[in-house]
Every structure is written in structure tokens, then in C-alpha cells.
Amino acid sequence: MTGEISKIGVLGAQGKVGAEMCKAVDAADEFTLVAALDAGDDISALVDSGAQAVVDFTHPDVVMANLAFCIENGIHAVVGTTGFDEARLDQLRRQLEASPGTGVLIAPNFSIGAILMMRFSAIAAPFYDSVEVIELHHPDKADAPSGTARRTAELIAAARREAGSAPMPDATSTSLDGARGADVDGVRVHGLRIRGMVAHQEVILGGPGETLTIRHDSMDRASFAPGVLTGLRNIADHPGLTVGLENFLDLD
Amino acid sequence: MTGEISKIGVLGAQGKVGAEMCKAVDAADEFTLVAALDAGDDISALVDSGAQAVVDFTHPDVVMANLAFCIENGIHAVVGTTGFDEARLDQLRRQLEASPGTGVLIAPNFSIGAILMMRFSAIAAPFYDSVEVIELHHPDKADAPSGTARRTAELIAAARREAGSAPMPDATSTSLDGARGADVDGVRVHGLRIRGMVAHQEVILGGPGETLTIRHDSMDRASFAPGVLTGLRNIADHPGLTVGLENFLDLD
Amino acid sequence: MTGEISKIGVLGAQGKVGAEMCKAVDAADEFTLVAALDAGDDISALVDSGAQAVVDFTHPDVVMANLAFCIENGIHAVVGTTGFDEARLDQLRRQLEASPGTGVLIAPNFSIGAILMMRFSAIAAPFYDSVEVIELHHPDKADAPSGTARRTAELIAAARREAGSAPMPDATSTSLDGARGADVDGVRVHGLRIRGMVAHQEVILGGPGETLTIRHDSMDRASFAPGVLTGLRNIADHPGLTVGLENFLDLD
Amino acid sequence: MTGEISKIGVLGAQGKVGAEMCKAVDAADEFTLVAALDAGDDISALVDSGAQAVVDFTHPDVVMANLAFCIENGIHAVVGTTGFDEARLDQLRRQLEASPGTGVLIAPNFSIGAILMMRFSAIAAPFYDSVEVIELHHPDKADAPSGTARRTAELIAAARREAGSAPMPDATSTSLDGARGADVDGVRVHGLRIRGMVAHQEVILGGPGETLTIRHDSMDRASFAPGVLTGLRNIADHPGLTVGLENFLDLD
């Protein structure tokens, strides 16, 4: 390991996730929380406090300015804020060229379980005739299916295309509208909205005489903490831009 | 128990289900299989063999003639053949009036697990904010959702109507077509078609902070046997027409 | 409904469960929270505030004094505090004789899902050859199996005894210690301790070719609220002592 | 691919698994079943029929003689028969040295789902605080836990040892005998015996706020077929001895 990082700042420290991340950094033996900033605070406090890396769970409107400041000051960043498109990623790459040695991790999902579920589903998909996805969430959610379910289905479809898998068998000839779920790249995705649920997903794969089921249950925002800490532990060894926490995990 | 039934005939004895029922009757201590008939056999063999009750898994085209013969000869009948509408049931009721003491049980489902799943779902439904149904079958099935899933959803909807339950919460505003399943009387039903599966169903109920899940897995036609044997054990005590095996089960 | 209850007091209002109950009473249209008391507060505030019923989630050391005061003053009580034995229940019955019209509900479990799971398991148990119980909890729990799992197993065993069910089949002849779980009245119970879990239980019943699974997932103390509100809505119609919330639920 | 294999023989063709394998070979476009032999048949029929590879599901008593014949005649072998120890494997390695270009695959498990379950469990295990294994089988099984469950637990324990994972948290201080399952290398394993089940296993992993579950359901011996066909498709490219089907699967 080349880097020796211990002093951490959190941006968005008063948000729901940010507050959890402050607690997680504080509780980790190897890290010290040296700055906990939110909207209205002066970001230069990061430099004054000697922060070597930040965790950013803020807002698409402010994250690019936050990162520009961090990169200029050689502060690594582990970022869970959403809203990154190719244009934004390219801009970060250019900024990072001027600050060699600084690392930025952008991750759409810090839940290690969700990453493993997607990875295992893609590996297993070509070995089976049928693959479908069920996602279950609380009924206050606005979109169906969930972003994670869509992404999982896309990864499954890509893995099967690459392997030359046959289309999935389905003899349905009489059907009520919607009974077979949504079609995402040829993979059926089913979304349930149930009071009491938080965020859950199940991928079911089947072949002659057997099925394999991979299920992820996320009950609490605390589930992001191990992923963020893994990001902090590895960021100094990955200068430049990294997209996706899976690049820091040993999954083989 | 008023009846003392031991000699059993099976109609449709060479069909897949019928053959299983012959085995099950043969294996039951209290019963003797005295006649195993199929298309082409002379039904009067039932009388010659002394059959006191028959099990009928035949075809809608022949079942009414089979039952007319049985009722005339005072032979009880436990019937899993499909295709009964109100007209047929009325005709059976009239025929049974002329043969007091003879019982006929018509059951759309002899799986005790499926009956319990439907019953428990209907009892529990009014206690929860949300209820949805998932059914999973092999991909050679022609209809979606399954008949059992539809029936379950109808029973859940009826129980909630009777209890004055509020509509289920669902904030979905952006959705891919089919993502939220089919709507059966206001209950969402999701159908999966997976190679390796046989016939499975899950009812998920949720309220603040908790969920209840009732799942039935049917792996084999052998699962009809306990229900048919329960029918045979009780038929002599239920003269006239009975629709639904649940009437013979002690479910309170 | 004979009673017209609207003014509610909560005892133990600063405890984890009590605080949730205050919120739940406050949020319910038909109820007004008129007193929220904890250790150190003067219980006569209940009378001054006009409370018609109380919710008690306190401590075995103080609950009997709390209830004596309520009964004397004709205030109904819905009680989730633990530690009631036959002697305590008898004492309450005697006190209630002197205050006809006052109702006290003592319930070891206010989770409707847990009650339904136990009830359904007991109803279904005699129809199956095999029944086992799995409970899954966070790893900070001190006892294994959980009290609910033990109680469930006892109810299953009792239902099978009453129905004359055969012993469960089990050909195990070579086994590692503990592999087949704990034996509670002849029912095997398996306890898992998994970080990230809260309180979960699964009852699996199986017969030839099919299985039935009843699962309860409790994620949050909020799950007690619907049961407590059900208790408050019905307590005025049930003078005297009632043990078990199931007596207020329509489960047939 | 270096090899062009199409003519296949099956040894143990009248056994339950062997008969399934004959069907599977017959149904595969690229293969022709040229010999289906069982005890009493002359194994030299393999040579006469031009078999290029055999599938062996026979018995520990005869499998070494079968393989000696195959190796001498340059016939590849895909072997599901049990009973191989290091001495037997060494003997095969020596025999294969004298027949370069011939491949023998010995696999304790041809179910691709079981292999994936074990592999994914081992990859995921170091990312979680807690990991436990549940296996569910029919009640006629003699050993508990199952061989696959033991092997899975051993692989999980090895992966955690290598990663330097902490011991799993468990605050249990009061316990009924067996409630926490069997201890296999520090991993708790729970075995259920339920009528109607075939062969099922679930690995549950948990960390703060989330759990990951990997479940394999095997309903039918047909589930071995895809693994055996994968073995046949790859055996000619893997001369010498290979132990474990996972070596022929692309799992990264």
C-alpha cells in the first residue's frame, strides 16, 4: 500500500447518509474524522483540518465544485452523490491529470451486497435457461423497477449475449397485462411495493431440475458504511478516476 | 363417522394424476383399490367390484356421464376433473336429490398446501397495508398468471372489501410497462417462468416494520394424494354436493 | 361497540418501545395522547388528564403498581411489559372483580405477524408429515432459540398431539452435534445469528411432493403499533383480564 | 477447441443417474450415444462402437477398472462415481502419463448450481461479519449435515482465514442443545429433514444493515446433465487428470 490515509472529512455531514458516514468513520480504528461539513460551511476547512480524503454524499448541484476544490488541494475523494454523466466524468479526468497522485472514486452503489449480487448474477446467467429479477421496496418509491434491478437485468443480458445464450423459454400465450413483468433487454423484471419492506432484490436462475437464487436484503443506510470504508482504504492506491466500487474489491 | 368406506375405484387410472391416485389408494391402510378404469373400459365394473367410492381424474367430456352412473348406483365420488360451471353443478344437485346418502365432492384443487395458502392469505389480508402475489412456474405453461394466483388475489380482495380495508399504498409515478405486475381486483400479481420450477406461489403481506410471507411449493403430482385421501375419508359423512376440499378440513 | 375511548396515556413513554407507541397513538385519528409518563412522573397525572386507557411498556418491577392504580380508577390498560406469571395474573383478576367494566389486556407479543404465524402453523401442522422452525436474529441476542420460536414449536407439538399425528420421519443415523437443531417437544428448532438481521422466523411444513412455508420478518419496533392500537380499540368491550392479543383478532 | 468429440458411451446406463445421462447425451445435437453399458456388458464394446469419450456413473468397486480400460484405449472419461481418494487419483495420474492426450474428469458434484453456490459463498464470505449455512433434504437421508453443506462451510472458513476475517459475532449465553447448529470449522450449519423436499441449500451472509443469501434448489437428477455435457465438451482440451467441474467453467 502506497498511501497512508487517516484524516477524513465528510461533505454532506448533516444528510441522512452523511450522518451515518460520520459515525462509521469515527468508529473505524484507522481513521479520524477531522471535518464534518454541510451546506453553508466553508470548504476550505478541509485544508485547515488536514483532511487527506473526503467522503461526499451531497447533491448533484454542488458536487462538481466540491471535487474541483479537493482535486486542486490533493485531497482524495470517495463519492456517493448521484448525477454523473459522461461529460462530468470527462471533466473530472481532465482535472485529475493536473493533480497526479490524487484519486477520485465515483460509485453509484456502495452496498457491497448489491455489487456482489450483480456480479454473481452476471457470472451465473450464461449457465441457465431462464433468469428473472424480483425487486421489493417500500410503497413510497416513485420508480418501478428500481435502478439496481434495471442495472442487474442489463448486466445479465450482456453476459448472455457475450456467451451466445439462447433466448429464454416462455410458452405464455394467454396473459393478463403486466403479469410477466417488465422487459429489460429480454430479462423479465418484477417490482413489488410492500409496506414494511426497505430495499430487497432477488435474482432467480433456472435450468433442468435446479434453480439458483441470489437475494440481497438492505435494511438500513448503515449498509453503505463498509463500502465507503473500503473506498477510503484503497483510494490512495488508485490515483485518477475510478467508477464503481467493484474495482476495489477482490472478486475472483 | 357414519360411513365405513373401504373399496375404492379410480376413473382415469392411466392418466398421469390417476396413476398416482391408484398408488396412493393402494398404499393407504384403510382402502382397497378394487377397480382401475380408463377410457374404453366398461364403467359397470365399478358395481361388479363393489366399489363404494370413486376417484375421478378424467375429462370434462366424460365426467358427467361417469357421475350420473355413480349417483344412480349410490357410489360416492371425489372429483378432480375440471370444467364444472354452475349449470353442471345444478344438474349434479338434482341428480343427488334422487339418491339421498350419496356424496359428491368437486374440488378445483386437491393440494392441501394450496388451500391453506389461500385461506391464510384471506384471513391475514385485512391486517396489512400491502398484499401482493408472486407465482413461479415452468416455462411451458400457457397462461399467466396461474389460475391459483388469480383465485388467491380474488379471495384477498374480497376479504379486504368485507373488512373495509383502505386501498394499498403505491407511489409509483414512473414505471416500465408491466413492472408492477397484473392487477387482479386491485391486488398485484407477478408471474415468473423459470426452467427447473414446477408450481410455486408466494403471498407477501406487509405493514409498518414487518412482513408476513406464505409460500407454497408443489414439486410433484404426489401432492394431490393426501387431499384425495382426505376426500375419501369424509365423503360418506357429507351426502349431497360439496364444492371445495376446504369444507372437509378443520381449519379453525 | 360499547366503549367510546379516545383519551390515551402512555406509561414508559421514554423507553424505545414506549416512544414509538406515543407516536402511534398521536398519529391515529380516533385517539388523543393526553399523558406520556415515565419513571419519576406522578401517575395521578393519568386521572388529571382524563385518560380512559393506558399503554404500559415499563418494567416488571413497577407494572403491578401501575395496574393497581389504573384498575382502581377505572382506566383500561393494554400491557406489553413482560414478567407475568400465574400469581400475578390471579392478583389482577381479583383486583378487576372490584372494578367491573375495566379491561386489562396482557400480551406477550403485540406483533400481529408473529401471532398469525403461530396460529397458521398450528392449524397447518396436523396436515403435514414434517414441521421444523428456523429463527434468525442479530448476533447480540442472548438466548437460542428465541422465545417466539419455542412457543411456536410448543403450539405445533400440541396441535399434532391433539390430532394424533405420527412422529415426524427422520432417518438421520450419522450426524455432527447440533446439525439437526434443538428438540422442543419433538419439533426441531434452528437458530441463526446473523449481523444485519433483526427478528425473523420461518416455519416449514412438508408432505409428499409439496411444502408450505410461513415466514415472519420483523424489521422495526414500529411493528408493535398496529397490535397496540387494535388492543386500545377493543379493550372497552372486553372487561376483566384478557391474555393474548389473538383474543381481539378475528382469525376465522 | 482442439478436440472434436461426438461419439459418447455411458457406463452405468441402467442406473438412475446413468439413464438420465443417456437421455441427455441423446438429446444434445453435437453428441451421439454409441454405447450404453451396464454391469455384465463387455466393456470392449466401447472400442467397437468408436466411443471417443465415456460418462461413468457406476460404483467405486468397478470404476478403476473401467478407467484403466478407457485410458489404455485413448477414450476420454467424465466421471461422477464416488469413492476417489488421493491414492486412486495418483494411480490415475500415472496411468494417464502413458496415454498423453487422454483426459479424465473426476467431479464430486456435477450440479453447476451447487458449484456456483460454493464459489460465490467463498468469494463473498470475507466481506461479511456473519455466515451460516442451512441445508434442507428429504427425511430419508442418513447423514446430517449433507456433504455439500460441510464442503461449503469448509470453503467459507478457508476464505475467511486467508482474508484474516474476525471470528463471527455470537452473544448466545443461554441455549438449548443444538439450537445453534453444528460447528464446521467455525461456521454454523443447520440441517432440516422435511418430507417433500429434495436437496436444497442456503448460505446467509450478513453485515451492518444488509444480508446476502445464496440458495440452490435441486429438484431432479436431470440437474446433473448440463454439468456432464459441459464436461464432455471440454474434456478433449484438458488432457491428464482434472478434479472438479469448476475447472471447466468460466467463473471470473
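Each chain carries a letter (A, B, C and D) given by its place in the written order, and its residues are counted from 1.
Operating definition for what follows: a contact is a pair of C-beta atoms (placed from the backbone, for glycine too) under 8 Å apart; a residue touches a chain by one contact, two chains touch by 3 or more.
These numbers come from a predicted model, not from an experiment.
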Contacts shared by chain B with chain C include exactly A, D
For chain A and chain D, the contact-path distance works out to 1
Farthest chain from chain D by C-alpha centroid distance is chain C
Per the C-alpha centroid definition, the whole-Å distance linking chain B and chain D comes out as 39
Separation of the C-alpha centres, chain A versus chain B, in whole Å, is 46
Multi-chain contacts in chain C, i.e. residues touching at least two other chains, fall at 196, 205, 207-211, 217, 219-220, 223
Touching chain B in the complex, chain D uses residues 196, 198, 217, 219-220, 223
Note: in the complex, chain B contacts chain C through residues 111-113, 116-117, 120, 123-124, 127, 205, 207-226, 249, 251-252
Residue set of chain C touching chain D in the complex reads 128-130, 132, 134, 136, 139-145, 168-184, 188-197, 204-211
